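First chain A sits with chain B, and in the next complex the same chain sits with chain C.
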Partner chain A sequence: MKTSSKEVQDSVKKLFEDGRISHFIGYEAGSDSLRVTPCFLKSGQTVSRLVWNPLCANNLAKYLLDLRKVEGKVGILVKGCDSRSVVELLKENQIERDRVFIVGVPCSGIVDGEKLLAVLGISPGDVVAVEDGGDAFLVTTREGKRRVRKEQVLRGECLVCRYPTPVIYDVLLGEAIPSLPWVRDDYSLVRELEELSAEEKARYWNRELSQCIRCYACRNVCPVCNCPECIFDKKAPRWLSKANDISENLVYHLIRAFHVAGKCVDCGECERACPMGIPLRRLNKKVEKDLLELFGYTAGIDVEQQPPLTKYQVGDLDEFL
Partner chain B sequence: MPDIKEVQTEFKPKILAFCCNWCAYAGADLAGVSRFQMPTNVRVIRVMCSGRVPPELVIRALANGLDGVMILGCHPGDCHYSEGNYLTRRRAHVLKRLLSYIGIEPERFQLRWVSAAEGAKFSAVVKEATDKITALGPNRWVDKK
Partner chain C sequence: MVNQKKSKVIEKGRLTELLDKLTQGYHLIAPVQAKDVSFRRVESGSEVTLDYINSVLSPKNAFFSQTETLFRFFRDDNRGFQIEPCVEADREQVIFGIRPCDARSLRLMDMVFNGQYRDSYYLDKREKTTLIGLACFEPDETCFCPTFGIDPASGEDVDILFSDIGDRYLVEASTEKGAALLDKFAGFFVEPRGDEEQLRKARKAGLARMKKLDVSAIADKMAPLYGGDYWDSIGLKCLGCGICTYLCPTCHCFDIGDVNLDEGGGRFRCWDSCMFPEFTLMASGENPRPNRKTRIQQRFFHKLKYFYDRNGELACVGCGRCIRYCPVNIDISQIIEEVASGKAGND
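What follows is the complex of A and B.
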């Protein structure tokens, strides 16, 4: 994370001054030192609020949808994963390319706050700042500076991230990062489960999904969950009852996994938003893996690429006969 | 009065079959008028195309406790609407894997091609599915705590 907050602030200020954007979506310091929060700017006066550090986890692409109707261009700060969400939004014609100004930042991993606290054995109040230091994070605590190896405290999706540099941008701050040294097996989480028996898989998922309180945070935070009326909110036909029941939870999570199939870019927001700690990425990753193996498709790379489930080939696999 | 437990010992699966109006539904009809013998576990729902059946319907049915769900459509290339069955085929590949991943045996969801002239195939498909799902036992995913 060679790019500094200062660089982001300066370039955004310039964009406002040149009249190229009317709004900007970035990050600002949050309620505690382990958190950043989305920040919405309407002028260059307040750019000093912007920050960029290894805590900037939020996928800001979702907010582009809220700013579709504003005058002028909307600027947005994107990491690699967020840029892929933007590609998916463009692909679905949810936003117009010439109405957004994409400021890309190469990202070398985001810190998982809980992992960090566990590794260091400290409480949230002890952390003063977290900085990127190449293969480690430099954590300033009340007691002094400490180095933590990245693999220990990275967010799950960053451990398997193939696109640290944004795939689409108008301006890129800092040098592109071609790949991350710790990324090896993209689908180890999925394979681990696939090898279990049906009985074991059912037990695992039953246990995990029974925790779901159906707050729909995972849906609400997801950039590609943007239907004007969600199937789960429909009253007629009612696909999902309000009952607190494992079968309803199963329906919810399976349908959701299917609805983001071919659009999910594994930004990890669903899992981060989940208050119950359900391993949602494990579900989405499975669909991602199948789409790659069956149709050679990876989401969020190319705006022109058609989603795999909206087209077909006569010679597709026909294993059912 | 018979003992309820005793009555329930023999497992008879409940299987749902979405049949395309233009092929499998007519195939079922042909199987009927041709008097082919087949198990009575399958409940048929007529749809206008196998492409009409979204994964949501299959998931809903399995979560509601049905033991199996089949989609029966036209052979590739024969779709009345040109491409409905091709799209269903793609979705079915993904759905089958997803169901298996979550712990629902993949045999509980089947996609088969049955034309209007294939009454015998319809009865064979129904028989095969019933046998497979009977062997698996009831769909008890929701109870697997």
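What follows is the complex of A and C.
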């Protein structure tokens, strides 16, 4: 993450000055030192608010949907994973390519705040800043600087990220990162579950999903969950009862996972947003793995590539027929 | 006010045994460590954890469950349609380990469920519950309960307060109900040694650093912000999920629905959230809060103005859950500061 906040600020300032964008979506410092928050700018005068650091977890692509109707072009800061969500939004014609200006930043991993605190044995108030230091994060604490190896404290999705550099952009700030050294097995989380019997799988998911409080954060934070009216919000007919029980929760999560199949880029936002710690990425990764194995398909790479579940080919697998 | 306030002490080593005993006569709800800490019904004292700042979900579930059956209905071949009331709580319950902020929230919820209308479902459980609080000496960064006049080390809103003072707990009953429970289990408690108050004072030292915001005129300051630009960027940032409302110990809005099966069904009520678009959707299709801006504005107006106008209290206890868990870092303490200082003016 060699790109600095200053580089982002300068670049965005110039974009406003040159009249190339009318809005910008980036990050600014959050209400504590382990958090950032989405930042919406309408002019170049306030670019000093923008930050770029290893805490910038949010996938901002979701907000492109909210700014579809504004005058002028919307600029957005994207990491590798976020850029793949932008690709998916373009594929679905949710946004128009010439109405967005994509500022890409190569990303060498986002820190998981909870892991960081656990590894360092400190509390949130002790952290002053977190910076990128190559294969480690440099953490400024109240007691001084500490160095933490990235692999110990990265977010789960960053540990298996194959696209640290944005796949689509109008300008790239910093040098492209071809691959991340710690990425090995993409699907170890899935394989563990695949080896279980049907009963064990049912037990596992019943246990996890019975914790769900149906706050819908996993859906709302997801850029590819963009139906104008979600089936789960519909009152008449009501497809899903508002009563919170395992059968309703299971229906919710299975439909959600299938509905993002072929569009999910494993940005990890659903799992990050979940207050109950439900391992949603495991569901998404299973679907991702199946799509890769059955159709050789990976989401969010190429705008021209059609998702396998929305097209038919004579040679498609039909072993279930 | 009750004056049974008489201090006792319990050695730490005897706590599990006391909790075990409690499970025999009561439904015991206590903090349990899973992925995070949550308040759950426990069967034995050994399930209980004491290593927590606070739970993810507030203990409001014990009185106002996320889903609660109100009554059941079924068709009887001889008697036609039948309605069967749901069994009320069959036993007294004890909540052990509730924090002073969450205990205060119950006092606020009482204003709703025991106000103009008496909500028998809530009140039945409330009346059958004894609250054993656990004083908070090491609050989270996001905690700001002193803002609302809450002393995190006080037992004002509980029946009994436990304070961890090292090798033992200082135990104080502040209601008759609490004193009765202590009497019932008198064998577990001993007389104070004399240094307890001093030890507690030392532990309280860190609390002075807690965030305390000025909310003295917050309701008045909110009024002119209604419909203003201030909510635009907050509404844009908000994802419209239900985390803040569902985790909030004072949020109490609910919906009512039916489960219909061939053999019969039931009417339930469940938590609802003003963050959801269908919360105010009317049968005509009209929605008076059609976007996230108007919905999040409602949330803050309810907390900081409407509840105050109706009940003379703000509907926030500074537990910090909505701050900790908001995926986009919308921070009610920041909003309070901006409103209080006038920075939230419409530009």
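Here is the rule we go by: the second predicted complex is superposed on the first by the 320 of 321 C-alpha atoms of A that agree within 3 Å, B and C clash if a C-alpha of one lies under 4 Å from a C-alpha of the other, contacts with A are read in each partner's own complex, and residues count from 1 in each chain.
The working rule: a contact is a pair of C-beta atoms (placed from the backbone, for glycine too) under 8 Å apart; a residue touches a chain by one contact, two chains touch by 3 or more.
Owing to the predicted nature of the structure, the values given are computational and were not obtained by experimental measurement.
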{"item": "Superposition on chain A - do chain B and chain C clash or fit", "value": "fit"}
{"item": "Chain B versus chain C as contact partner of A:277, first or second or both or neither", "value": "second"}
{"item": "Touched partner set for A:220, first chain B, second chain C, both or neither", "value": "second"}
{"item": "First, second, both or neither for A:125, with chain B first and chain C second", "value": "second"}
{"item": "Chain B versus chain C - smallest C-alpha distance in the overlay, whole Å", "value": "10"}
{"item": "Of all residues in chain A, those that touch chain B in their complex", "value": "190, 193-194, 198-207, 210, 231, 239, 246-248, 250-251, 254-255, 257-258, 261, 283, 286-287, 290-291, 294-295, 308-310, 312-314, 316-321"}
{"item": "Residues on chain B engaged by chain A in the complex (per definition of touch)", "value": "55-56, 59-60, 63-65, 76-77, 83, 86-87, 89-95, 97-105, 110-113, 141-142, 144-145"}
{"item": "Complex interface listing, chain C residues touching chain A", "value": "34-36, 56-57, 66-67, 140-142, 233, 236-237, 239-243, 246-247, 255, 257, 259, 268, 270-273, 276-278, 281, 323, 325, 327-331, 333-334"}
{"item": "Footprint of chain C on chain A - complex, ascending", "value": "30-32, 35-38, 40, 58, 62-63, 66, 123-125, 211, 213-217, 219-221, 233, 235, 238, 241-245, 269, 272-273, 275-277"}
